[in-house]
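Could you have a look at this structure, given as structure tokens, before my questions?
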Amino acid sequence: MIGAGVLRGMGVTFKTLLETYPWGRAILRTLQIPVTDGIFTIPYPETKQQHPERFRYFPFLVYDGTPDNLRCVACKICEQECPPQSIHIVMEKDEQGRPVKAHGRTLPKQFDVDMSICMSCRICVDVCPFDAIEMDNEYELSASDRYEHMIFDKHKLLKSAEYFQKIKPTEAATVDQRLAAKKAKTASPTGDKPSQPSGP
Amino acid sequence: MELKAGISPTIETQQLEVNLGPQHPSTHGVFRMIATLDGETIVKLKPVMGYLHRNHEQIGERITYIGSFPFTDRLDYFCAMSNNFGLALAIEQLGGIQASERGEYLRVIMAELTRLVNHTAVIGFLLNDMGAFGTPLLYAFREREKILDLFEAASGSRMMCNYVRPGGVREDVPEGWLERTRAIVNAFPRFLDEFEKLLTENEIVQQRCKHVGVLSKELAMNASVTGPMLRASGVNYDIRKVDGYSIYPRFTFRVPLGTVGDVYDRYYVRILEMRESLKILEQALKGIPGGPAISPKGQAIGKAPRTFRPPKGAAYGRIEAPKGELGFYLVSDGSPQPYRYHVRAPSFVNLTVLEDLCIGHKVADVIIILGSVDIVMGEVDR
Amino acid sequence: MASHIQHQSPIIQHRFEMAVDQGLQSELQKQGVFVTSWDQLLNWGRSNSIWPLQFGLACCAIEMIATAASRYDIARFGSEIFRASPRQADLIIVAGTVTKKMAPQVVRLYNQMAEPKYVISMGACATSGGPFHTGYNVLKGIDRYIPVDVYIPGCPPTPQALLEGLMRLQERIKSRSMGQEVGPKQGEYPIPEFGASGLAPRYNPDVFQPKKPWADPPASQLPKPIAPQP
Amino acid sequence: MNSLDQLFVNANAFLLGLLPVWARPWISILVRLSVIAVLAPAIMMYLTWIERKIIARMQNRFGPDRVGVYGLAQPLADGLKMLIKEDIVPRGADRLLHLAAPILSVVPAILLFAVLPFGRNMIPADLNVGLLYFFAVSSVGSYAIFMGGWASRSKFSILGAMRSVAQIISYEVPGVLSVVAVIMVTGTLSTAGIVEAQAERWFLFTPWGFVGCLMFFLSGVAEVNRTPFDMPEAESELVAGFHTEYSGMKFALWYMAEFLESFAVCAFTVTFFLGGWHAPAVPFWTLALLLAIIVGAGTRLAIPVRGAGVLAMLGAGALWGAQPIPSWIWFFAKTYALIFVLVWLRGTLPRLRIDQLMGLAWKFFLPLGLVNILAAGLWTQFPFPLGTAAAALLLIIAGWLLVRANAPQSLQPQRVYVFAD
Amino acid sequence: MLPPPEEIKSALEQLLPGVSLTLDAGGLIVVPNDLVAVCRCLKENERFSLDYLANLTAVDYPAEQRMDVVYHLYSMAKKHGPVTLKVKLDRNQPVVASVTPIWRGAEFQEREAYDLFGVRFEGHPDLRRILMWEGFEGHPMRKDYVVEDQDVLG
């Protein structure tokens, strides 16, 4: 019959219409028609989508305990390896140009990530030897001005290790395990002087 | 009944030159066609590209081999995983790296899932060009969202996965991921049947698509057309079977071939290919071994990309991407950056025959012919 | 009538002097008398039916379509109708990389739109050229030629980030008065021409004021193209 | 004549009663005009709401639901925004025509409401040539579309305008032919008369009526440029067809004209073939009883649900027995059912190409329309069993012959796909 | 199956007397004016039947003042592997015969090589820029091309 295909197609859309209503699903169930997914929408502002743990958006710097005890030693490996060149690091130096040390480690005076260039590819996290930078999953960052809001300076990037454990438990566990193993290795052979190898 | 109207000799009409694009509701991105019309029939059609030329190859030559992986996600932004897979194969051929067993299985699973996503999206967009007010497209995107959740759980990002590395995959899949994939793969055939019920026997679709934009076998082979478009014209050439790269020879699957080579064949061959991909996925999900997801050498390269300096020489790795043959030509001069980085994009070459397909058809046909050729501008313009 | 959306990320709320002060309005509303100023009514109408232009450039356009698809459903905000013709669109979402070959077309489209028009710069590429900013054919951000209302970072921004950007735009429309001139957008924007190796002029001075937030601008990190060993 | 059914008629009579005799005809015209002037935009706005919600639900998503409760305020927001939008006239356009076209397209759409029988003796203008009036006024729309397309001086508009004129003219012919059968059977052109004639049997339930209804509805859909015949404003090909260059309130007028005409097409299909404001012949309480039995017998449903279902049905049956549902509710119920079908078509089907569209009109609907008139003749001449059987047989043979003659060979062979290794 | 490059070289020298081929790491280096003859022979000859030109691109060597054009050929009929042809051209005047008359697939790829590298292909149906706009000067993918504005914030 000439119109059969068209009618069958309209049957599919009518079934989908019925599926979205509870009474519709009841009718379909009584007629033994398999019910797939009804309403598929996540109403955004009211209920937010549950992103899986590995969801990555923009990087952030990790500090243990207080913000000035950050893991980053300004070794600039991530600045070199970042494919779109969105990281800009200036090492903290005193007047004579010698790197200043805090907690036995050098630290960056200025660490800027330009969020309007970063492509959230997580290569900086892979290449960082000190697990100092991790990927955040905060995505509500729209702004009306490009300069103040889009370029994250050091203070805006710093987040605590506890925050990292909260958003990515399994990843944080492996990172902490690795750090503990490294601390044990550095502590045991050279007595207990907790000296971190200063960056190249 | 199909009247191939040439220039009507009797009435002296003036030919109208119309710009379809670069901003047009159904040119799949910024693609422009300068069409010369005689009434409604196409007389001449010149494609114009370059509106999304983002210097992918120049950037590829200035960063390390690993650094260009996130850029391959943005080549054909529907199939991030299979683009990575192509580059990984080329680098493995160049640097002589051997991938781990579980990594190979995971790569094949991801590539076949990408094929499902791409083919459903293409059919959705084809129907959207035909005028269906978004319903098939939104059904296709509903299924795509389910598979994107799998990609997000494994790689961290919905579309830009950056997950495959030379030597395997960047991280092993989280636990519970394989069960979720099995559930989705088992549920997919029912969606395909429903999709076919909506489209394949639909008389309007058949009348609009049959005998429109016929691509002959000889022209397809001569114009280096690859992928579903070539197989719809009846040429049996699937790189997974021809090259047998990665671990595809272990899986039993068949290659569907069309007969006439028109828009309807290109549409239906893609549906049959999806069913074959489901077979591969079932076998791969059953046979996936344990062990590391990446070979130790691959792990080391991932950790320190600057230390990877392949020997001097050139390599051309190619895979069967959902759109056709995606090839990476890498020339290395021993430094951590590739000396020459060239991408052979399937959509770019498949467009060579667009004018031959469209001459003599109506404006409405040109839109669905372009839809059936399935181009993505990120890959066409690189 | 318009449910006020409680919002957690801080929005710049530059209120304008209310024709009817809040206290009086809430008082009257309790007795069922609904009072609104003319601006609030028009802004309510305008912000709840933003019709975006059907205009996608690259990967961000696919996320825009995913936002219009069934899972994130931009139709709930009233902007489900993607008008193909710029005449009937209110909002142009610049989704994707704006190349130098495409920039004149984008500016021409913006000029063709009917007046209360807004621009959302979706994704890193539209804001600043994104990961491709080192290329010779990529414009470093569309805000060089047209005024942008909302920037959404991300590559590509997730559909929910786009919805948050759209809600921010709705807030911004609600907070402006009809009388208050809506930004310096009157008139035609000069369309750049194709030069020998780029666009002339490089940017539109009265739209784009380059500000250098960094003390010393980052030396371009591009590793010099290494002289090939013979 | 119970009170609820004639509610508006009595109210109108009471109102006119207060006035002096000489003013009565003028005021009654004014009342009818104001009713239509209020009814038409409200119908149009809530048609857009219905369409967006139904199509959304067909695609597993909510429609607009953040503007007012259930999105009911969404059409108001759209209308308000369109009001204050800048109105652009392209430089090369012909200003006068550019302004006149949308007005010329809305005016006939509203004029059509004059002859619509909304309920028992609730017809704004009881013309005895109502049907002729309908066809005359509805064909003015094609002038407006071509004027709009031509005046905007853009290639896409001209292409869209040419397509639309060809389509509307070629679909008016089958529309008229399908209604000729109705005129022949009822013998009158007045819409009220036609509805009267369908008192005991709707024309839909006669063989010629069924074919006529399908043809009239489909050619009405084509005349209104809606899927699957929306060639002129085909978004995917000609950007926005003939109203590419329109913005602001002028574009809103095009939008209103399209929706008002689709409402009018559904309303006239109900008037001609689905028995206007007549209640369905089967008494509703027997229907309610039947439903009560079905729900009661539904084994899979839970006990309380079944109990509640039975009670509800019985209550509805009793209510309807005592107080029949008023006629104008039946008219709007049937019209909105047809509008649901219209939106359902739009949500599912792709678009036909322009030459297939023409082929369908001239080579399929036109001959079928002529045969339909013949069948109606047979149906009227012979008594019940023989006439209907003869008409039905004739139509089936004609339909089969036409399908075979027209079916393009592309539908014939079922493609076989080779599976290589 | 496809014979190794040495055998192809000897077979070609037999079939086309006077053609000069040299072996390279992966494929054959052809002299520019023999290119069309070699390609036509590779395509028509029953033994090779390389009817599918997969990839065609140019590589720039500013140090040696030379520009290579690389061809990857496959056979769809016999399904056998790549034969890589290379042509070395002078960098200041890179001119070579177009293979579009032999393989239609080369049309767009040659236009891209012309646009980005400046290699002129004689006999190409319409050799225009494909990716950059008409008024663009210079060939951007050459190693010595200086990009115009580098500063994102400038």
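Observations on the structure shown:
As written, the chains take the letters A, B, C, D and E, and residue 1 is the first residue of each chain.
Just so we're on the same page, a residue touches a chain if its C-beta (ideal position, glycine included) is under 8 Å from a C-beta of that chain, and two chains touch if they have at least 3 such contacts.
Nothing here was measured: the structure is a model prediction, and the numbers come from that model.
The chains that touch subunit B as well as subunit D are A, C. Of all chains shown, the one whose average CA position lies nearest the global CA mean is B. The interface with the greater number of C-beta contacts, when A-C is set against A-B, is A-C. Of all chains, the one whose mean C-alpha position sits at the greatest distance from that of subunit A is D. A centroid comparison over C-alpha atoms places D as the chain most distant from subunit E. Each chain gets a centre from the mean of its Cα atoms; for subunit C and subunit E, those two points are 45 Å apart.
For this pair, subunit A with subunit D, the centres built from the Cα atoms lie 54 Å apart.
With each centre defined as the average position of its C-alpha atoms, the distance from subunit D to subunit E rounds to 63 Å. Remark: subunit B and subunit E have CA centroids separated by 25 Å (rounded to whole angstrom).
Listed for subunit E are residues 131-133, 140, 152, each touching two or more other chains.
Contacts with at least two other chains are made by residues 54, 69-71, 73, 76, 84, 101, 128-129, 131-137, 141, 155, 158, 211, 213-214, 220, 222-223, 225, 228 of subunit C. Shown for subunit D are the residues in touch with two or more other chains, namely 58-62, 235, 239, 347-349. Subunit D contributes residues 55, 58-61, 155-156, 159, 227-228, 230-231, 234-239, 346-356, 408-411, 415-421 to its touches with subunit B in the complex. Those residues of subunit C lying in contact with subunit D across their complex are 1-3, 41-42, 44-46, 48-49, 54, 69-71, 73, 75-78, 80, 83-85, 87-88, 90, 112, 114-116, 178. Per the touch definition, subunit B reaches subunit A in the complex via residues 59, 63-64, 66-71, 73, 135, 139, 142, 145, 149, 152-157, 160, 162, 170-171, 174, 187, 190-191, 194, 197-206, 302-306. On the subunit A side of its complex with subunit B, the touching residues are 2-6, 8-9, 11-13, 16, 34, 36-37, 40, 51-56, 80-81, 83, 119-123, 126-127, 135, 170. Contact residues on subunit E toward subunit B in their complex (touch as defined above): 25-26, 51-55, 57, 59-60, 70, 72, 76, 79, 81-82, 84, 103-109, 112, 116, 129-133, 140-141.
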